[in-house]
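Some structures to go through are shown next.
Next come two complexes built around chain A: one with chain B, the other with chain C.
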Partner chain A sequence: MITETFVRGRGPLYSFDPRPKFILLVYLVVLFLSVSSALIAGILVLAVLLLIWGSLGFKKSWIPVKSILPILILTAVLTPPFNTEGSVLLNLGEHTILTDGGVRLTLVLILRFTGITSVFYLFFSTTRTESFILALRSLGLPYRAALTVTISLRYIPDMFNTYHRITDAHKLRTAGTGRENGGFRHRLGSLFPVLISILIHAVKTIPSLAMALDSKGLGRANPRTSCRKLEPWMAISRQLFLTAFLMTVLTAVAVLLPL
Partner chain B sequence: MHMNSNEDKKNVSGRIAAIAVMTAVTMVFTYVVRIPIAPTRGYINLGDVAVFFTAFTFGPFTALISGGLGPAIADIVAGYSQWAPITFAAHGLQGLAAALVIKSLGNRKVAEAAAGLAGMIVMAGLYLAGGAFMVGFAAAVVEVPMNIIQNAVGVFGGFVLSRAVKKAYPPVSRLAW
Partner chain C sequence: MKKGHLTIKELNFRYPSWSGVSERQIFTDVSLELLPGEISVIFGGAESGKSSLALVISALVPKHTGGKISGSIDLDGLNIPGTGPAELTENCGIVFQDPERQTVTTECYTEVAFPLESLGVPFDEMDDRIRKNFDILGISHLVDKPVGETSGGEKKKIALAGLFVVAPDLWILDETMEELDNPYRVELMEKLKASGKTILILTSKYFSVFKKADSFYLLKDGTLSPRETGVFSRGFKKLLTEEGIIPDFSKLERSKPVNSGFTAGRPDSLLTAENLLYRYDGGFQLFIDSFTLSEGETLSIVGRNGCGKSTLAMLLCGLIEPSGGAIHAAGIEGVPPGNGALPAQLNAHCAYMFQNPDYQIFLPTVYDELAWGLKEAGCSPDIIKARVESTIVEFGLPDASTPPAMMSFSARKRLQAAIYYLLKRPVFILDEADTGLSFSDFIDLVERLKQICRGLIIITHNLELAAAVSDRVVGMSGGKIYKDILDFSADRLNEWLTESVDKHGDEE
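Here is the complex of A and B:
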């Protein structure tokens, strides 16, 4: 099972340190949530899509948009009738369906969600999970919290295999009895014994994992080392400067552009 | 009761192990068993079952962290990473609320219903608030009924599984804190 969304590729975003990249991600999400101009939101979305195109290729730049298309359509259909500020563009009987204020808000919401989705997609496609956890650790996430996340990620493929093993074992019990392909109720009923088996298996691993952590010296003054370390902050000063510069320019554009 | 440092250390490793394993379980329950919802490309899943199981079996803190982290990792892996921060808060606090209600009212049927209701209000409310910020209130409201159904399935499933696992493997009760 794959627990990583990283896509192999080349480009400046791949060599960018995960810490300033994460700071930029948070900043861009806040920016998208606070921008109320459709034009500025549109320019930002276009910039992010161009970045995806440059880093991952043209085909990949449409993946985030395609994945959210149904919810964008839903927003486009449902938002205008419930937001009727501004001059009326379309009436249906006595009901106002479309106003210029409603259209503007719908555009902002669509661009906002597209922007946020694209930024997240770009971040997780160009950053390895391990680097992301190291970045969080470097930005102040406590050691024990980072260790918990790392162990969870290590256990997910195991648990996934356990699920399939137990499901297959339970299927074997009904093999040849004519009850293999039952209806929805049968499948739901047969799901519970599978889930109970998985949970008992999972719960039984907790004491041995705890003992392993004790044996590894958890709680000692010197925490567990990592095979890979991030560069010291001073070594990425150029990237930090670029990040701060980008954030200043984008904030200035969002605040000062009279739109 | 005051614990000496050795006991305290043992507890820390046990707690980390419990949270890590239950996070993996919650992630697999969320990611593997999924029923797509046509209009929004979202899905209902058994993640809530795992969240409520953790809340009823392991207590508030494990439910808060593993309940939030497991579904958030599932969102990232499934390509819905934009929802991951909201999912982390919604499901984490759902587990915390349910476990706190159970802890204060005891393991009675009324308490379990109240825990389910508390979890539902927290989870559906946070998804609605987060969705309203991202896609607008009108589009976010559409997901509320599905969230309520998912929560109801979660309470029932979590309750049944918790009872069954406690009966089949009694030492699990010692892992609660």
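Here is the complex of A and C:
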């Protein structure tokens, strides 16, 4: 199963050069990590979700949130009891469970995770893998390092699909035994063979991928060419200017409005 | 001087031992000479060492697997075992048995471009070469397609395009005819002949496709038979028949499946579908206005690569839900007539053997794999042990403690079949299950399944098999079932497939 993160489509984000787009991605990740205001983080997340909606459709805008939902739930449950700064909102016996500081931090963390996941999702859904390699090379990363990054990224959805395939196989084998809808313990128990299988699948991929790359001439002494080209830097000057403008405005908002 | 002169002398190879797998000799004193421009075919049954030989000749083994090698492999004066595989790109190219394992990018175009990029072919020249070879192979419609949206056969064609575009001096094709439809196999042989390159084909079947090749060998028990040239001799044909490479249908009984004891007084239609619709994001749409599998029937579905056969199979066994229409399983208890069966109900009644066995094998040993379903079904340890042991013998599987990951492709296929055999489902769907199995192994599997199931659906590109084992054959093209093929001799099926392309175009 060969899968990719790219979603075919049209729109300004698709035609945006991968280099400024990548710079913007890195900048937004840093911004999400440094913003401590729930309001600003919330506005940024909303903006990114709206961009996903506009570029990929309404249904897709919930995919990044859905993919990290367990992490968000754990954050929401575990953060407040361990961060008890500020005025107390809820006590359970002698223990403080909820404070306004804890609520604020939880909100910021949830928005931060959602924001970072969403910008990555948006970037890889609107950027072809090969364009990303070219962007990384153009920004000074050696080809092998760029290829390693993109192959690793390719294998994330690949393993996700493998997981689905294997759970499908499980479903077909357990169907009719009355245990397919077993309790939590049973489901947890049946998760182990699936995880082992994914691990075996991933380990088996290593030599076959190495063979495939070798058979396609990766690592030859001669210089490597590319079947795709990026525009010269001058040709994307407007996009670069727009990127710089956006980064300036967002930095100004984050610095000047520390709510 | 024309290039592509391959000389192999006294080649020996053995893989290293692994936990659960002892060191084993793969071939002994293999000697072979291929003259420039010659097409040579090495036949061999399951686990005869064909893939290992292909990988050794292309210098990928033992580099990536370890193992002991002795003897010499010389290509136009180049010592292959002493050269890095990447440096051989212009000299020797290979198409793997499993094309998914050879794919490194996510787009068909960039996948074919990858070796050209490695060779440093200039940007301006590359596009022409890629498009020209997509065109030569009749797959221009795949140029802009993501690899993930292609069928197994289309992936093989993409791997072939990667070879055609580089045009090395020696081409090695490992079971490349598998998963390709029959008219395409014939076309491909013409294209290979026209290339003028030295070509080594390793195969376990499709004897008749290779009649125009120049030399033939049989790899058996690690040794290579003497060279046969031109038309096959009677003795060689006998040898191939004994090995299960030439099908021998004379012993085949068109026996009806027997009742596995699910319901009594059931209607004749076991599985039916009406106005079944499934849409992919990429635009491909499957629409089946009417489909029936009757009680006791063995039905084959044939069609060219990418026509929607596997999608139909996944719908019928409830792995994907239709966008429209319904599937009725008349024999399933608890499903009121008129209602469509739920996916979970279909899961429990249709065993589906995936094209790729690795998605259905996920436990550490052969024993664990076979015992898993029985444990889930609540069988006692003694019954599990007895049934697993007898199944290992019946399906010719390696020792119970062998890790499936270390087994050959055909052994993993047999294990996959054995797993579902033990589950005893009323309906079995075999999706290109013949891939990687010899004719005799596949026929044996079909015969075994007929003994325990109430209906069998076989999806195959092997028209001889379809003709021999089926009670009925339907043809698919462009996401639709076009008709029941009443006269389904292998020749007639081949004609139908060729006509289906003329009428409906190649699959998009």
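Just so it is clear, the second predicted complex is superposed on the first by the 177 of 259 C-alpha atoms of A that agree within 3 Å, B and C clash if a C-alpha of one lies under 4 Å from a C-alpha of the other, contacts with A are read in each partner's own complex, and residues count from 1 in each chain.
Convention: a contact is a pair of C-beta atoms (placed from the backbone, for glycine too) under 8 Å apart; a residue touches a chain by one contact, two chains touch by 3 or more.
No experiment lies behind these values; they were computed from the predicted model shown.
In the overlay built on the shared chain, the residue A:His95 is in contact with neither chain B nor chain C. Judged by the touch definition given at the top, the superposed model places A:Ala210 against both chain B and chain C. In the overlay built on the shared chain, the residue A:Arg10 is in contact with neither chain B nor chain C.
Of the two partner chains, neither chain B nor chain C is touched by A:Lys59. In the superposition on chain A, contact is made by A:Arg128 with chain C only, not with chain B.
Look at A:Phe82: by the touch rule set out above, it reaches chain B but stays clear of chain C. When both complexes are overlaid on chain A, the residue A:Arg112 reaches chain B alone and has no touch with chain C. Legend: residue contacts after superposition of the two complexes on their common chain; A:Ile200 is shown touching both chain B and chain C. Of the two partner chains placed by superposition, only chain C is touched by A:Cys227; chain B is not. The interface of chain A with chain B overlaps its interface with chain C at residues 2-4, 151, 196, 200, 203-204, 207, 209-211, 213-214, 218-219. Against chain A, the residues of chain B that register as touching in their complex are 9-10, 12-14, 16-25, 27-29, 32-33, 38-42, 46, 49, 53, 65-66, 69-70, 73, 76-77, 79-82, 84, 133-139, 142, 157, 160-161, 164-165, 168-169, 172, 175. In the complex of the two chains, the chain A residues touching chain B come out as 2-5, 33, 63, 67-71, 74-75, 78-79, 81-82, 105-106, 109, 112-113, 116-117, 120-121, 123-124, 144, 147-149, 151-153, 155-156, 158-160, 163, 191-192, 195-196, 198-200, 202-207, 209-211, 213-214, 218-219. Residues 1-4, 6, 8, 128-130, 151, 154, 162, 165-166, 168-177, 179-180, 193-194, 196-197, 200-201, 203-204, 207-229 of chain A are the ones touching chain C in the complex. Interface of chain C with chain A (complex): residues 55, 58, 60, 63-65, 84-87, 89, 93-94, 96, 100-107, 109-110, 113-123, 126-127, 130, 146-148, 162, 282, 317, 319, 344, 347-352, 354, 356, 358-364, 372-373, 376-378, 405, 419, 423.
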